[in-house]
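In order of appearance the chains are A, B and C, and numbering begins at 1 in each one.
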Amino acid sequence: MNPLLIESVRTENPLVHNMTNQVVANDVANTLLAIGASPIMAYAKEEVEDIVQVSKALVLNIGTITREVAESMKVAGKKANELGIPVVLDPVGVGATSFRQQIVKELFDDIQFTLIRGNSAEIARLAGVEWEARGVDAKEGTASREEMAQALAKEKECIVAISGKEDVISDGVQTVKVTNGHELLGRITGSGCMLSSVCGAFIGVNPTEAFQAVVTAHTAFAVSGEQAGKSSQVKGPGTFKPVFHDALAQVTAEDLSKEAKEETIEHE
Amino acid sequence: MNPLLIESVRTENPLVHNMTNQVVANDVANTLLAIGASPIMAYAKEEVEDIVQVSKALVLNIGTITREVAESMKVAGKKANELGIPVVLDPVGVGATSFRQQIVKELFDDIQFTLIRGNSAEIARLAGVEWEARGVDAKEGTASREEMAQALAKEKECIVAISGKEDVISDGVQTVKVTNGHELLGRITGSGCMLSSVCGAFIGVNPTEAFQAVVTAHTAFAVSGEQAGKSSQVKGPGTFKPVFHDALAQVTAEDLSKEAKEETIEHE
Amino acid sequence: MNPLLIESVRTENPLVHNMTNQVVANDVANTLLAIGASPIMAYAKEEVEDIVQVSKALVLNIGTITREVAESMKVAGKKANELGIPVVLDPVGVGATSFRQQIVKELFDDIQFTLIRGNSAEIARLAGVEWEARGVDAKEGTASREEMAQALAKEKECIVAISGKEDVISDGVQTVKVTNGHELLGRITGSGCMLSSVCGAFIGVNPTEAFQAVVTAHTAFAVSGEQAGKSSQVKGPGTFKPVFHDALAQVTAEDLSKEAKEETIEHE
């Protein structure tokens, strides 16, 4: 984790092109603004190339995917690859339907991702491991999340991040666990989607340190969640969300240094 | 009203498939999470059958309906009927356009609903009664809301719920009035849409007691509104919404027993 | 500025038809409800004529525009023109892509607007002036914003409003600057989109005083922002939004009289 990376997000104010789902679009935009980035949402195939080429990162989220938007995603992703702009995939609920699996397969065929970020069930599905899910929410599983992340990272030649009580981040060679966070992050919709876009912002301005950018993004997000959880304004999931956005706007590099709970996992 | 039904929602954490409108999707998801259910939104015709078959309820809301989504709704609704999964209809603004009336007619042709929930103007339109509306908001009318609910329930062979200052719920045989609630619920967008999805969650885990599930869902929603309205954090409609979501997460079966204001109406 | 115009919004509760973007739809609806208007969102070409004809204003926002919705906008806008219903254009990110420029060109070909409201970069693009933008956010420019507003107002024969730290509003003959506002309005997504729809509400009920309606809408919006910014409940952008909605619901004609910072610019 490199706490200074949050400074570069705030200084450079990166434009992040989000092709995200209808449920979370507003929260994703406000999360990016809070952390110091600049959100843009655009879906029309006629314009996604224009948008992506002025962006620092592209985030593809299949939460309410349709065939039409999937085709736009391919256009945007290919353009991003061509220009060396990092692309993040959030495979929301990929295990839920064969349609989502088909879409993700096509995206993998066409696009080289910098990061795949999902919950345990989603990453398990992509890694070909059994895992229980309920709709878009992960349940229990027995495989090692560290091994799953590492294996998928190797296979897809990118960073893989699994969110949960403990976040696991691997690029196939190194694997780091971030154990910060707050229970209420799991009680609001779209916290994973927001995190994916925050990762996009961090990678976007720190492309040569992408792995550290992803670890730092997870730390910043989770430490902000902890800070929000301590606020006397928070009485439940409803009041948590606005206070969490405040915390994202206020968290400092120093906070990250002080609060980060990080563990590097040795692979055998 | 059976206060214990809220416990089953929290224990069973039912997946609710929402095909809802773009305005309220985020609030609907957070409302379901708050009450203890699990939301999923999915619209593509290629996947709605896969989603609905793992869900405990399907909620169809026509607030920003398009022809394309209407066709997906039919596919999802038919599958739900085939599998005995309850389907809720929220006919948002059905009186506003002939297109919405046509869509609702087609949905009725293809799908047997468990519950139709709307405001007075929407239910009046479906019951063929005159009622004043402004866009998606109900205004004044002279018909008896109890009779309207009962008549439509008989005709469509399902439960009908009319929301307003007083909620009226009828299955054609029994009719119950719930008079809990708070004025600010009418000052935020989508409170009716949220309630429809909460009804889906309650029916989903209590399908053999569907009528009591709907009455209890209305009571839980309205009592949570009352509790939120009393909070010192609430100064208007903006601060009401997050506190209301907190209240939904905290309301207990005991609160419902103590606070419910319910009245059974004798039909002659 | 005519502070009494806010009273007419609250008394007449105008229905405002919004064809807005997916990111801000919820906030736009709650903003309109807070100020005393009635929001409706509808996009299907089959129904937009039915909706617009019962509305007091139509607001077209291209933030997540698609070809399909653009075609619906033309249908709605032409109907509004035919019936004398005011139409507002919010050209979100028009400089970002040639697709958005093409859409806006087509909208101008088909529709006479009452108001065009955007940030400096968007209005500069429409006025054919150089201006730096980042995605949907305006950056620096050197042209006079007053001259830009006036020139575009003359060309398009409508009111033009440029939002920013200082709002500039011109109908080509008279130009007014509103210098109220709060920094946090720029830290949340969609504040411009919300303002466009509030302008729609004010013009809708005060069509014969459209220029004063737009100035008053800007003042009401900005003064509410100032009031929210002073609240002890506000600790950052997250907690600002709900408190801002409260403030919109509470701001009075007297507040506007007392707090308005307005300046009339003499054109040579």
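Here is the rule we use: a contact is a pair of C-beta atoms (placed from the backbone, for glycine too) under 8 Å apart; a residue touches a chain by one contact, two chains touch by 3 or more.
Worth saying up front: this structure is predicted, and the values here are computed from it rather than measured.
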| item | value |
| --- | --- |
| Chain C against chain B, contact positions shared by both copies (same if over half, else different) | different |
| Angle, in degrees to the nearest 5, of the Cα rotation that carries chain A onto chain B | 120 |
| Chain B-chain C separation of Cα centroids, rounded to whole Å | 33 |
| Where chain A touches two or more other chains at once, by residue number | 22, 26, 233, 241-242 |
| Footprint of chain B on chain A - complex, ascending | 21-24, 26-27, 63-67, 93, 96-100, 134-137, 187-190, 233, 235-239, 241-242 |
| Chain A residues within the chain C interface of the complex | 13, 15, 17, 22, 25-26, 29-30, 33-34, 38-44, 46-47, 50-51, 54-55, 231, 233, 241-250 |
